[in-house]
Each structure stands twice: as structure tokens, then as C-alpha cells.
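Going by the order they are written in, the chains are A, B and C; count residues from 1 in each one.
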């Protein structure tokens, strides 16, 4: 199977603060990867770099055979992204929002595609209503519709379950399964281990700016995910302290 | 071609949203009328003073109302994360700039299209001179060209609402001076020879700043 | 933390010596101007500080371009350093101008194109400093700062042009009827030497201040780094 996302030695600094410290990551086509990690580990930063919204300080990123940031336009065409915010215009209807984004992607048969996607996320009945009248859950569904509108090869989601009720979560999971079933690659960050354990095919733990552990779902009993996660975070903290101490020792010698 | 289509999509989206809510236009318009009202009492706009201050009053009004509109138009993109949505699309960043800029220009011209007749009626002044309307267009163009770029920066800062006028006004002083002087020239029927330098200045400013904003927009949206 | 480099110490001394010489030239070498009297002596430093202001803003704009091309933090620090110096010297330029104007034009202030432009320029760079203050993320601060400093510098000549056009069409009333009263004068060779030497001196003042300010920026960075290190350990 071919590799869809390849990240090597990714470093991201904000001024003097280093958020990602030499992160390595690769995803094969059709995998569904959940990135787990404590708050402040760099999950959002990492996803924003994959999404071409932020640039790496150092290191290589390639998606679908195109390198970032040089070939960002080609990558964008193949990427669907769901962020914390819905990325929707409140004064437009659900349908108008999708049509607008569809025009930016120059999609053919836009009208038909919009209807399809609206049905998929269960918003067809509400298509002519303004987004400002939508609940958080409905907005999130529409945000996902927006992300999959151009049938992207890679779908990136940043904590998509946050703020959703049970019903909306179930609906979201269903859409994600459908996307994954069609062989699309999905990368999702989350801290909801229970939800994720049933969805993803692989779990990676991001801690202190690096991926510290990775496991396939077949290799792990669903009940053991929490234990695995805790173990990985603890190890990550320890090695981070060691490497930090080593760096500082070296600086002091100098 | 995709460039033009993307630009058109952004403009159409802004106009459709505004047509429905009318938030931005009504705010700009009410604000503009209020400014004129205040000027009315502050300056005693009687017939004698009117001929000399009309151009100044109008341009100050447009500048204030314009900064209100620019702030709102960009805040809308920022607050709901829509600016990320635009950046995720496989379109040139400058298409986004031109889309927003032309949208803002349409809003500003719409406000002017209502304020000018209103002013004509209130003060019994004929403002419908083709030269003057040309100046209104050129001045507004320069104003929104810089304003769109700076508003994009301002909404990404902590002090957003306060910051835009502070960033914008010192940079658009040449536009405002030139617009006021050229407008006054046309309204008072001064010969074209004396107005020409101001028109040239406006044209130079518009050209330079549209080009610079076009080149710089990438840097104010990309991380 | 590096100790103060030797070259900087020498530069400090050299600049102070230049400054003392130029001060001597202003007061003792240059002759008293016949019409305006002693107050004309402010002219030498008035122009020199204005020159430093322009030099700083030019340097800041160039640093802005270099920052956008390389994304190297040092250019951002360079630009802020230059703008801070420029703001102070432009203020001195306006203040010395006022001192000169009071007895000569009989007013502290007039909307002369150069005066107007200097004031607007000052406001542009105040806005630049305010913009920086409103942004937490250092990369974004540097990027936005670079964009604004370039835009600002481009607008200055247009501002000057509009202020001058404004005046030629609408001449300011006072002071124009007597050529001498406006502050025109012809320079004697001694005056010209003093003038050039002042420019030369203040160019070194600029370089010296820049160097100190850049060092200060680096120290601030180190403090920040130590703070980060400390917070990561605890």
C-alpha cells in the first residue's frame, strides 16, 4: 500500500517556543489514524501544518506525493479539513455555504453534489435555512459536509466531537465510517478515547511535540487503549525531560 | 480563469450575505448620516461655508463609515474561522484579496450612492457632476485597497477595533487630501488644469497601493 | 551572555568625540547668521536629526523586505530598533524645528509640507509600534510589522507630494511676502562645513545607537529563553 502522508523531522517554533520537536509520522492510503495527546502537546499545530494553514519551521511534509509548502495548491485540492471553528457564513443558508465553497474548488455538477452531501449529513430538509439558526451539532455536520464536498483523498479533523451531543456524535461517526469505507485517508485528533477506539484503525500518541507511540487497532484490546495511552504519555514526558536536560547540559558546558 | 471565478465567488458570497442581513450597510449608513448631522451643527453649514466645506465633510464621512465597514467585513471572516476556509481552497490568495476588496468597494460605493443624494436634498447642492463622481470612485478605490489589507491584519490582533483607524488613516492621508481637493475643484467648477495634479496623485496612489497590497496579502494571511 | 564587544566601545568613544567636535563647530566655527541670529545654529542639528529619522525609516523598510524574504528574526529586531530610533529622532526634528520657527516664522507651528509630512510619518510609526503591541505570536508580529513598515515607507513620498500640492494651490499666508523671513539663507563655506560635519556625526550616532539597541534585543531574547527553560523544568 502506498504512503499518503509522510512527515519527517518536523519542527515548529513560535518565536522562541518550540511546539513540535522533530516529529515523524506516516500514514498509508486508506488508514484512519487517531492522534491522541494531552492538551498543549501540539496536536492542533501539527494538524494545521498538514492542512497547509501553517508552515513548518524545519522538516519535510509530503501529502499525496506533493511536498509542502512548495506544492500547497495541489495538496489543498486533495484535502478536506474540519477545524475547531465551523468555517461557515452565518448569513448564508446551508446550501449557499456549500455552493460557495464548491465554486472555490471549481467543482463540476455542483448542484447535484451539494444535494448529495447535504443528504449524507442529514441536513437536506434544512438546506434553505440560515446557518445562524443551526445548533452546534448541525453546524458541525455542515462543516463536515463542507470538508468532504470535493471528495478529498485525505480528511483532517481537529477534535470533531467536541461540543456535540450523543446523537450528533453518532451521526458524525457514521459519516466518517462512510468516508473511510471508500478508501479515503483520515487523520483525526481527539482526547475522547472511548469514541475514537471504535472508529480509528490506528492510534498515535503525540506528547511534547513528538509522536511517542503508535499501535494498530488489531494489536490492541479496546479496553487497553486507556492504559496504552497513559503509558505512552508518561514515557513521552520522561524522554522529553531527559532530552531537555541533555540540551541544557550541553548549553551549560558551552 | 479560476482566478476570476474565485474572485467572483467571494464577491457574490459577500453581497448575498449582506443582502440578507444588511448589517454592514445599515450600520455604515446610519453612522454616515450621524456624522453629517454632527457636522451640520459643528460647522453651521450655511450657504457660504457650504461651498468650501462640502467636499471635506463628505470625505470625512466616507472615511469614518468606510473604516466601520472594513472592520466588520473582515471580522466576519475571522470570527467564524471562514478565513481558514478561504485559505484551504485551492485558489490564489490574491483572488481572495481582490474578492474582499471589490466587495468592500461595492459596500462603500453603495453608502455613497445614498449619502450623496441625501446631502444634495438636505443642503440643496448639486453634487451630480461627472468629474466629482469619478473622484468619489477613485478615492474610494484607493481607500479600500489599503483598508482591506490593513483590516485583514487588524482583525488578527488583540486590539482589533481600535487598531484599524490608527493603522489606516495615516496611510490614506494622500488619498483623502487629493479627493477633498479634487472634489472641491469639480464642485466649485474650477478649471480642469488645476484639478489634474490631484487626479494624477489619486491614480498613482491607487495603482501603487493596489499593486503593493496584491503582493503583500499572502504575508498577512499565511502563517 | 557576551561581554560588550571592543569595537562597540571604540565606536562609542569615536561618536562622543565626533559629537563634541560638531558641537564646537556649531557654536564657534560657524558664523552667526546675519538675519536670524544665534537661533539659526539649531539648523545644523535640526537637519541632522531629521536625516537620522529618514535613515532609520529607510533601514526599517529594507529590514522589512529582508524579513519577508528570509523570515529571519534578526531582521525583525533590526526593523523595530530602527523604527524606535527613527521615532525619537523625528520627534527631535519636529521639536528643533519648532524652536527655530518660533522667532523666525513667529509661530510654533505651520502646516508647511515638510512639517506636515514629518508629523504624519511620526504617526505612521507610532501605529507600527501599536500594531506590534497588539500581537502575541512573535512570527505574526514580525510579519505584520514588516508589511506595515513597507507600506508606511511607500506612503511617505505620496504624503509629501500631497502636502506640497496642497500648499502651492493654497499658499499659507504669513511669512511669504519677505523672502528672508521664511528662514531662507545662503550658507557660507564655514556653515556648509559645519552642516556636513553634523550629518556625518549623526550618521555615527545612528549606527552606534542601532548597535546598542540590537544588543538589547538579543539580551531580551536570552531572558525570554531562560524563562522558557525554567518553566519547562518546573
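Rule of thumb we're sticking to: a contact is a pair of C-beta atoms (placed from the backbone, for glycine too) under 8 Å apart; a residue touches a chain by one contact, two chains touch by 3 or more.
Worth saying up front: this structure is predicted, and the values here are computed from it rather than measured.
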| remark: Touch-connected sets, chain B omitted, are one piece
| Which pair wins on C-beta contacts, B-C or A-C? | B-C
| said: Measuring between Cα centroids, what's the chain most distant from chain A? | reply: C
| query | By C-alpha centroid distance to the whole-protein centroid, which chain wins? | reply | B
| field | Gap in Å, rounded to a whole number, between the CA centres of chain B and chain A | value | 39
| said: Using mean CA coordinates as chain centres, what's the gap between chain B and chain C in Å? | reply: 32
| query | From the C-alpha centre of chain A to that of chain C, how far is it in Å? | reply | 49
| remark: Contacts with two or more other chains occur in chain B at residues 223
| task | For chain C, jot down the residues that touch at least 2 other chains. | result | 139
| chain A, residues touching no fewer than two other chains | none
| request: Enumerate the contact residues on chain B facing chain A in the complex. | output: 2, 5-6, 9, 12-13, 16-18, 20-21, 23, 76, 80-82, 84-91, 222-223
| note | Counting only contacts in the complex, chain B reaches chain C at residues 146, 149-150, 153, 156-160, 163, 166-167, 170-171, 173-174, 177-178, 181, 194, 197-198, 201, 204-205, 208-209, 212, 216, 219-220, 223
| field | Touching residues on chain A, where the partner in the complex is chain C | value | 14-17, 244, 248
| note | Within their complex, chain C touches chain B through residues 68, 120, 123-124, 126-127, 130-131, 133-136, 139-140, 143-144, 146-148, 150-152, 154-155, 158-159, 161-163, 165-166, 169
| note | Residue set of chain C touching chain A in the complex reads 73, 137-139, 221, 224-225, 228-229, 232-233
